[in-house]
Amino acid sequence: MKTGISISEKSWRSVITLCAVISALYIPARIVLPIGDRYLFTFLGWVISLIFTLDFFINVFSKNKIDIETVNKPAAKLLWYAVDLLSAIPFGAFGNNIFYMVRLLKLARVVQFMHEWKHHQIKFSDYLSFSFFFFWFVIISHWLALGWLAQTGTNNSVNPFEAYVTAIYWVIQTLTTVGYGDISPVTSAQKIYTMVVMLFGAGFYGYIIGNVASLLSQQDPAKAHYSKNIERLKAFVKYRKLPVDLRNKINDYYTYVWKRRLGFDESSFLSSLPQALKIETALFLKKDILDKIPIFQKAPNNFKQEVALNFHSIVVSPGDLICREGELGKEMYFIIQGELEVVSDDGKKVFAVLREGNFFGEISLFKNSPRNASVRAVTYSELYILEKKNFEQVLSRFPSIAEQLKTVAEERNEVFK
Amino acid sequence: MKTGISISEKSWRSVITLCAVISALYIPARIVLPIGDRYLFTFLGWVISLIFTLDFFINVFSKNKIDIETVNKPAAKLLWYAVDLLSAIPFGAFGNNIFYMVRLLKLARVVQFMHEWKHHQIKFSDYLSFSFFFFWFVIISHWLALGWLAQTGTNNSVNPFEAYVTAIYWVIQTLTTVGYGDISPVTSAQKIYTMVVMLFGAGFYGYIIGNVASLLSQQDPAKAHYSKNIERLKAFVKYRKLPVDLRNKINDYYTYVWKRRLGFDESSFLSSLPQALKIETALFLKKDILDKIPIFQKAPNNFKQEVALNFHSIVVSPGDLICREGELGKEMYFIIQGELEVVSDDGKKVFAVLREGNFFGEISLFKNSPRNASVRAVTYSELYILEKKNFEQVLSRFPSIAEQLKTVAEERNEVFK
Amino acid sequence: MKTGISISEKSWRSVITLCAVISALYIPARIVLPIGDRYLFTFLGWVISLIFTLDFFINVFSKNKIDIETVNKPAAKLLWYAVDLLSAIPFGAFGNNIFYMVRLLKLARVVQFMHEWKHHQIKFSDYLSFSFFFFWFVIISHWLALGWLAQTGTNNSVNPFEAYVTAIYWVIQTLTTVGYGDISPVTSAQKIYTMVVMLFGAGFYGYIIGNVASLLSQQDPAKAHYSKNIERLKAFVKYRKLPVDLRNKINDYYTYVWKRRLGFDESSFLSSLPQALKIETALFLKKDILDKIPIFQKAPNNFKQEVALNFHSIVVSPGDLICREGELGKEMYFIIQGELEVVSDDGKKVFAVLREGNFFGEISLFKNSPRNASVRAVTYSELYILEKKNFEQVLSRFPSIAEQLKTVAEERNEVFK
Amino acid sequence: MKTGISISEKSWRSVITLCAVISALYIPARIVLPIGDRYLFTFLGWVISLIFTLDFFINVFSKNKIDIETVNKPAAKLLWYAVDLLSAIPFGAFGNNIFYMVRLLKLARVVQFMHEWKHHQIKFSDYLSFSFFFFWFVIISHWLALGWLAQTGTNNSVNPFEAYVTAIYWVIQTLTTVGYGDISPVTSAQKIYTMVVMLFGAGFYGYIIGNVASLLSQQDPAKAHYSKNIERLKAFVKYRKLPVDLRNKINDYYTYVWKRRLGFDESSFLSSLPQALKIETALFLKKDILDKIPIFQKAPNNFKQEVALNFHSIVVSPGDLICREGELGKEMYFIIQGELEVVSDDGKKVFAVLREGNFFGEISLFKNSPRNASVRAVTYSELYILEKKNFEQVLSRFPSIAEQLKTVAEERNEVFK
């Protein structure tokens, strides 16, 4: 499933791409620059012809190489074969430079490779887009520089390298719209060529800027959530004149939530997953807590999974009363992080301190009894809540366990009294 | 309904546009460049006068040509008639170039054509916007170049073509902000003219870049959904330290959903359609499956349609338990794609393998009996679900069929036992 | 409530703004350019002093002129008085140009006017932002040009006007990053000054482009809705391979909805309004239809209003069955636009054609009787629906009318049979 | 919790940053410019060595200085120690300029400081991003200018300061793409260097523009809400041809809501807060009103809190009937702002005027009696609503108070009759 492209396939594509790039850079350069028929390039030309021929046969005889979307259109298939075949012909050997440029058709394959790569690696598709953009930018700049040299001619007395550097320097200063003007067109043909390069530069620049702007506007969801909260707070403070003290508290709370990446809660993340993954993730996140609760310890595993799925997390701030003595309890709580205290009804006596891993209110899952103490948050804390109605829904699917659990819970309750 | 513009109407509009463009390019050029009164252009001038006169009469006597929004405003109507009439007068024949430019008023009609075209072809409106932008960019650059020539004068000794190329080259290098400076204003009037061109160029550039940025930020909804999922996963992994293995599984799942374009489900798409289209689409998508189910084969067509509308699709990942032995079933399932297996309660024995086109759980639509086996996904699979409550709603509208179907289903059930 | 700024107040602000602008342009120019003490400007200087003095006293003695947000901060008030007072002093008369520039402080008032204007005219705030931006761009370019002249000196032999045009031309070519280079800095001080202008130009350009991009990404809600629909259709077609015919139908439907601006339905618009406006709008939209229905004609006005509020509109496409013979009806329908036909159960016989202003299914509001015919859409049509449950809710508030209406309806029903 | 960075820590970081910046500016300059070994800089070099040595020891021996994310990776820790140590070595004393540049490694610490600063001050992160961007822009421009001087050589006869100004001026004109061309590369090496600077400038420009565009597209939520409303109104008016009068009323209403920052209601703001903050905020906003209501005056404090939490605000426009004589009331109202009147059933007689702080309909909280008068809004008004069902929910948690309140309310009701 993953990428569908094997390592050997990837290597072969790299070789093809390299050959196509060398051809794209060298063949047009040979027409314009007086670099002659160096032996190295003649040799390379033959090697590339060989490799492209091989690639042609591989493409014809192997089925899985053709893109799925194309495979059913015989015309497209034939066109690709033609491209592969034409680019394999060693026109260079016949000394005809113009025909030799037919080999550049192979760049269509590079486009196809890039397209597939981006499709398989959507996670990095922004970076790949940038890289591919830079790749084509280099190739096209090279061609534009050669075009410029073809227009102006390379003074045979100077070094061809210097002539080329001057040409590419002219291309870059035009594309980036810097335009020093130390090199400028003289004839009408040169002026028309320059106009084309300048208009191409305008589009190129627009693309860079558009991409940067689009990347800058992306935010991770927790930060976006935080920004929205802060914006709302600002507007609210402006109109309702909240006192500075209260404002700071709210600001602190939002910052805490943001730093702990709590902008999205677990439930919404889990709900985007299919069942098996949901259970695996929920169990990973909550199994430490579940194993600590005596009444669940003997329950079967699939029952525990179902229970874990029904947890959802909340954040409480210092001073929050999580439950109140005398009220009817409808949920139990597990402390993930932070510190809470069990207090008397008036909040003055502290009976106990609860920390990470502790839980409370479990009787409420089985009985409609009022809470027998209040619990108050000391620090910012995260809790898991298990609501009675969700718990009962789980129990209803496991009727055999329901009775058993109730007995355990009631026994514990007796002991606690 | 479609476009409201017939082929003949379109052809006529093309002719008018062509004539207006020729006039827009030629008439101002005649003032500045020493191109004289070539016979071709004099002849063309008369032809265009004729065509515009014809167009004037067509517009006056035909009703449907005027845009609906305009038709009720007599003032607007008269203004359009004036434009049509004035642009038809052959001022060129009187040798007065300034008055001849009155003909350029006809470009207002071209603007109107473009406006209507975009309105009728909103699907391609981005491309049309770009094309129209390029069209006006060419015309305005031409005018700006002629303006520059009017300021600097064309040295009579040189070729007027060369003078024009130099002028348009100056315009493009200024609009694209390249600004070589090989041609620069000397007199104060030229400097003021240059400032106008430069400021126009700033706006032009802003428009290009803004458009590119706006296009780049558009995404198809499935990809946007995928990106959001991946962003959320990244943030979640960062804070909760999910193990690599689990992370990869979730990543795989999101990628699968994205590749299959499942980011939006069918139901939301169908719900945006009116009833007749909804039924047609739903039937197209689901009729293969419906025809395979024995209990529905004899049901009338409109009943099947209603049933098809109540399907909704889900995706399950390898290992998901779709239904569990002993639980009460509340829906039946149809496999669109993928492989599932019927397993024993402990998941160790495999009784059967289900594939594309199979279905299971149909008894649950009629009876409140517990599932008699578990079904587990082997690969990523897509299923259609038909929920009991929705099915019963359909049945309630077709009371005569309800009884009959129940009999069939129970018979089948007997057989299966 | 509206703007809080009277016509006379607006005129006075215009005068103040004009005076401030003249001062902002003239006073710095006097320092750099050899324009001497023209009588006109000396006279104007005195008039402006007078007007600013008057404005100072108006601001001190009238209360409502100070911005609400400022009025409670005495320090801010005093600062504004200081600005008003200082800018009124005729330093120009003392021949000291540097001190004379104190008058430019009055531009702070112009900033304040602009700020309030945008606040009161938020609907046009984009256009105002652009205008204000252009206003400041002109003033700042003027200052930058004078700064350049101060650096380079104006060759006394040339016309000061020409020197100024050259300077402003240099500023514009630098700000728009065209940079011909025909005028360039020579001394280090000039180079440093040029760098400041270039960096300012970078920000200025960014602002223009950013604004254009931001404006281009705004769409009216109906079009945004349409684009989303089309995007979704495209993605759906790609994956599910909908037949071309069906695809075109869906495309047509979306286009119809878009052209009629039905992307948002009335209900959501009405729900954003407070009750009185909601009733007024609903009545305006629906009273023609309500008055046509016999059973409502005698009902009191406030009852009709309540009924009108419970209408909601739907769109049906050709072929849609709006109601089916034999089904239980739960709503009545009013035709706003389009054509429908009453057909037999098998859809072959057409009993009647219904058009704009007709209604059907009214019996369903009072009785649980099955529909006695099917109704099918012939063209794209818009209907208002009144659901039984909503209608009964209205009736429950007007118990006296309820009985009476039922009688009328049943009588009509008898007649129809 | 707040920032985790103490004042002394902040001061020390400022010192480190200052030393790193001085080194970053001075050390590369010493290589290129003939500024020799000035005593000041030699002395400063030794001081910086000392400070960096001290910082190295502080980092090694104090635990809390290392970033939390890094602390568990010993490799990263060692790398940081290496950076601290290397940058502390006084290579400058050995006269080797190239090795001396090792000190610039300390800039990595500055990057780290900035990263943490932004993390702690997310509220100002946009401004910080801009500042940091400008900071690096200055440093990199300095380096690029020195690189240019290294390429071209500083003519020994001229002032090194002038040479430097010319170089930085060249960098800025290239980065901002102004490109006068008065200074341009001659040799191939210079041309290649120039290309790098130009491409860097393209990215730099894209970043500025992207940032500006992204900032411009941000709106406070109330304004975004208003814009959406206005857009919807515009589209609605266009299609449905609302009369101008009605249109203006709706426009006024939206403007009122916007000016009062009512685009988001209190409830959604409060619901984003944890309980303790929610109660504190709700009490702050509503306690004035609660204290005025006789039936609540004797209730205990925590009961009042719960009641306050169930208030939600609405806006009514002139002419809205808030409640109608004879209808069953299900909520009570408190006037926050505006004017309402108690009227007869036909709306003609006015019995009383209600203003800020008044309340009505409190009987409905206890009894199912019909309203005994109608209430109509005179101006735009804001009200708090307390719904019966919410109130009863609160009462159910305080059963002892419920009975007592009912008695009070009924007594009052008797009195009012």
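Here are a few things to note about the model shown:
Each chain gets a letter, A, B, C and D, in the order it is written, and its residues are counted from 1.
Just so we're on the same page, a residue touches a chain if its C-beta (ideal position, glycine included) is under 8 Å from a C-beta of that chain, and two chains touch if they have at least 3 such contacts.
Note that this is a predicted model, so its numbers are computed, not measured.
When the interfaces B-C and B-D are ranked by C-beta pairs in contact, the top one is B-C.
Taking the options B-D, A-D or A-C in turn, the interface that duplicates C-D in more than half of its contact pairs by residue number is A-D.
When the CA atoms of chain A are superposed on chain B, the rotation angle comes to 90 degrees, reported as a multiple of 5.
Note: centroid distance chain B to chain C, computed from Cα atoms, is 25 Å. With centres defined as mean CA coordinates, chain D is found 36 Å away from chain B.
Shared interface positions of chain C, i.e. residues touching 2 or more other chains, are given as 177-181, 205, 209, 211, 213-214, 217.
The residues of chain C lying in touch with chain B in their complex are 161-162, 165-166, 168-169, 172-173, 176-182, 205, 208-209, 211-217, 223, 226, 228-236, 238-240, 242-243, 246, 249-253, 255-256, 258, 314-321, 327-328, 377, 380. Those residues of chain A that touch chain C in the complex are listed here as 177-181, 209-210, 213.
Partner chain D is touched in their complex by these residues of chain C: 1-2, 122-123, 174, 177-181, 184-185, 188, 191-192, 194-195, 198-199, 201-203, 205-207, 209-211, 213-214, 217, 220-222, 260-261, 263-264, 269, 272-277, 280-281, 284-285, 397.
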